[in-house]
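The structures considered in this document are given below.
Next, two complexes with chain A in common: one pairs it with chain B, the other with chain C.
Our next item is the complex of A and B:
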């Protein structure tokens, strides 16, 4: 259902989420997030280009890292998100707590600034 | 059955009457001959009477002889034997009677001679006919269509031969001999059908041999007796009955079949133990395969296996050792448990092949399971020179071993090994079935538990629609699993204020259900405080933050309805935007506002994200609260039901009763999803103001 990739670049960590994140597949996203947070990176970029659907359990994964990211001062930026998925983040109110931008370049720039 | 009884009585009566009449007519004719008087008896009368007698007896025995499927073979043979014995006793008594009379005048009395002759002849005919019918049952045991036809031909020819007595045939004549020959050849062909013999056990075979021998002797004795009687008194007998074609054929056939049976049983005697053995193996196999249904437990299955294996190969001793994760089991037969320990050590030392006790490696993809189950080994011990070691494999794991011991060397042939392997694998299948049955029962129990959970959870939600002067409310909620995470509730604070909440716990199933019940607790505690929507949600967030799992959150919408002011005040905690239909504008829109799910920020910062809105309602306005299970429901093309369809549906049906509105909405949702099972909890709450 979902394909979660993780790449460690020079100064950031790139996670790509492909497919649909529901209750059962959210564990893969959680694993990737966990690895990224546990590594020494200070920036995590999440490419949501091929993320077609995210359930409340998937949102729960991002939500559960908010506090930890803050404590460790890691910047998390989501980008390339389609409008339908963005709407889901928006309704829950997560867009107010997470940084969501449209392109990778923006994400890189923003993560430097933050 | 009733008609059979009538036929039997009728034929018996007819038989007796025709015999008596024959006797009387014979004596009358004789009396006429002696005294040179015309007796006035018609020429053919006696022949007709004789034929009636034959035919009556034929059908009497035909109907009286039971079907061999129901009657025991030995019983059938006994019946023939008893008839024969009776006839013999009578015949011997007559013989003795003559011996006692010596050369007295009475012995020469032709009436007495004729009388006795007819008695003996009647009894012999009865014996022959009853034997014929019993032989028929034996021959037709496990009959084929061909055999049945052949027998019918034989039977009809016999009946025909009775009628042939009408014609004064010369016993040495051409026609007579031909018919007799045909009958005897047919009888010979039929006599090779001896399948019943195979089903006798050893004791029954011995009994049958003795009875058959007696029957054969009876037959020979009667044949000789009748003939000698006729020769001795040929000048005084009105007709020589034994020269009858029918009687000759009967004598021939019954004798041939007795002889065949006798020989076949005799030659079958040595192999009967093998047949019994095979039969027992089949029965044991059946016991093993049906053990699960018959309510045996696993230990009993192993006991059956041990028992039948020992019997099947005539083993001197055997044991089964099973290590089944939690418990170990050692069953022995003709050997002590201490001895087993010693032998086990010896076996391992001697062959030094550790793989025989180690669990087998996982099967290769192409490996046949049945092949796998046949991994026996032949070993040797000083005391038991043939040891058969068979691993017991259940669900691909080696759970134990069956060891069969024989003192002689090379104690097992291919057949025996095959049988033991079959037993072992069948036992393993039974054990496997038994375990599966246990697991199924366990699952059933869990299902029952979940049903209870479902009932309890349903009781947490308001059941009845609410209707008062100001509004009607209907609600509908369904969980994807037995229990779910959707929640709604309505609470009256005072005579003009109501609060309404709808909530959705992230995820679904059992964990969501627990959080849902926590939410109900929080709602009911806070409801009594008469809080504004933002305060309510802030307290709720604070309370839930302490008990929700790290990855769980709850979305909720909270409403305060004031029916005096005709207003609603509401706040949204990350829940799907409420749909509001205005009756005046005939238009529905989603009430978008700022908000954040409960449990996402677990501190005071949460308060910054909550916004309160207020709205006055008009008569006919409709508020639709729902969970994302509705808008995110998918159809076969993976398309979501979405906000637009929801809005259109409500606009279209807004002037209808809320109960009907809800029904139409759910109907459209189901039509949209088609056969797809909804994979999220979904709830809808419709409020219509008056």
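Our next item is the complex of A and C:
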């Protein structure tokens, strides 16, 4: 089970992921990413504080937007990720293709700079 | 999916396996089961899988997944190119890559007697029975 929230702030879009993202629940993350990318925002921040598990289906969601984010010049930053979940990104080298930082503050600063 | 992950956690929690290693093994088994459910069983809830976990000589864990679906020789799986997946905006295709990176050995076989495919995932690991485990009743 997963709860994915989406909030449109002043100058960025905040997605919060709470629970486990697997083959059966990754569609909710995909819907939120789709809404964010289709909005006019130029920055998407993803709070992974309560993301307890991610499988390839969840990784696949982020991967499938990399090209579109680049084309639309939208910055994506993931933050608050626990070490077990981070390790899954690391296994495939996705930690180098996506921007992952520790805190929301860092994510905000970095999304301004990217 | 959740019940498979819970079964693995509950079975292996009595062994002194690091959380990261345990969570990676859970992920690998989850990936194989998800692949079978989607591709071999077309998400039919009436189909079933069997999962057997064998902890051997405190040095390895073997997960044996058995099913009656269309068999897939996991050993013939060719690693995809990540850059190509990103270019083509694909959402799938990396599950078995994770399995190969996490596990030490992967086998596929077919048991004609039971008409079952057998997917065996093997992980070498230094494990000890957890001292805090309550004695069996």
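Definition applied: the second predicted complex is superposed on the first by the 114 of 114 C-alpha atoms of A that agree within 3 Å, B and C clash if a C-alpha of one lies under 4 Å from a C-alpha of the other, contacts with A are read in each partner's own complex, and residues count from 1 in each chain.
In the analysis below, a contact is a pair of C-beta atoms (placed from the backbone, for glycine too) under 8 Å apart; a residue touches a chain by one contact, two chains touch by 3 or more.
Owing to the predicted nature of the structure, the values given are computational and were not obtained by experimental measurement.
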Q: Return fit or clash for chain B versus chain C, each positioned on chain A through the superposition.
A: clash
Q. Regarding the shared-chain residue A:24, is it in contact with chain B (first), chain C (second), both, or neither?
A. second
Q. Between chain B (first) and chain C (second), which, if any, makes contact with A:60: first, second, both or neither?
A. both
Q: Quick one: classify A:96 as touching chain B (first), chain C (second), both or neither.
A: first
Q: For A:104, decide between first (touching chain B), second (touching chain C), both and neither.
A: neither
Q: With both structures superposed, pick whichever of chain B and chain C touches the larger number of chain A residues.
A: C
**Q.** Against chain C, colliding segment of chain B, chosen among 59-67, 185-193, 419-427 or 599-607
**A.** 599-607
Q) Of all the chain A residues, which ones make contact with chain B and with chain C? A) 22-23, 30, 55-57, 59-61, 63-64, 66-67, 84, 91-93, 97
Q. In their complex, what parts of chain C are in touch with chain A?
A. 1-2, 5, 19-20, 23-24, 27, 30-31, 34, 37-38, 82, 85-87, 89-95, 97-98, 101-102
Q. Along chain B, where are the residues that touch chain A in the complex?
A. 504, 506-509, 550-553, 555, 573-577, 594-597, 600-602, 609, 628, 632, 640, 679-680
Q: State the interface residues of chain A toward chain C in the complex, per the touch definition above.
A: 1, 20, 22-24, 26, 30, 53, 55-57, 59-61, 63-68, 83-84, 87-88, 91-93, 97
**Q.** chain A - residues contacting chain B, complex
**A.** 22-23, 30, 55-57, 59-61, 63-64, 66-67, 84, 91-94, 96-97
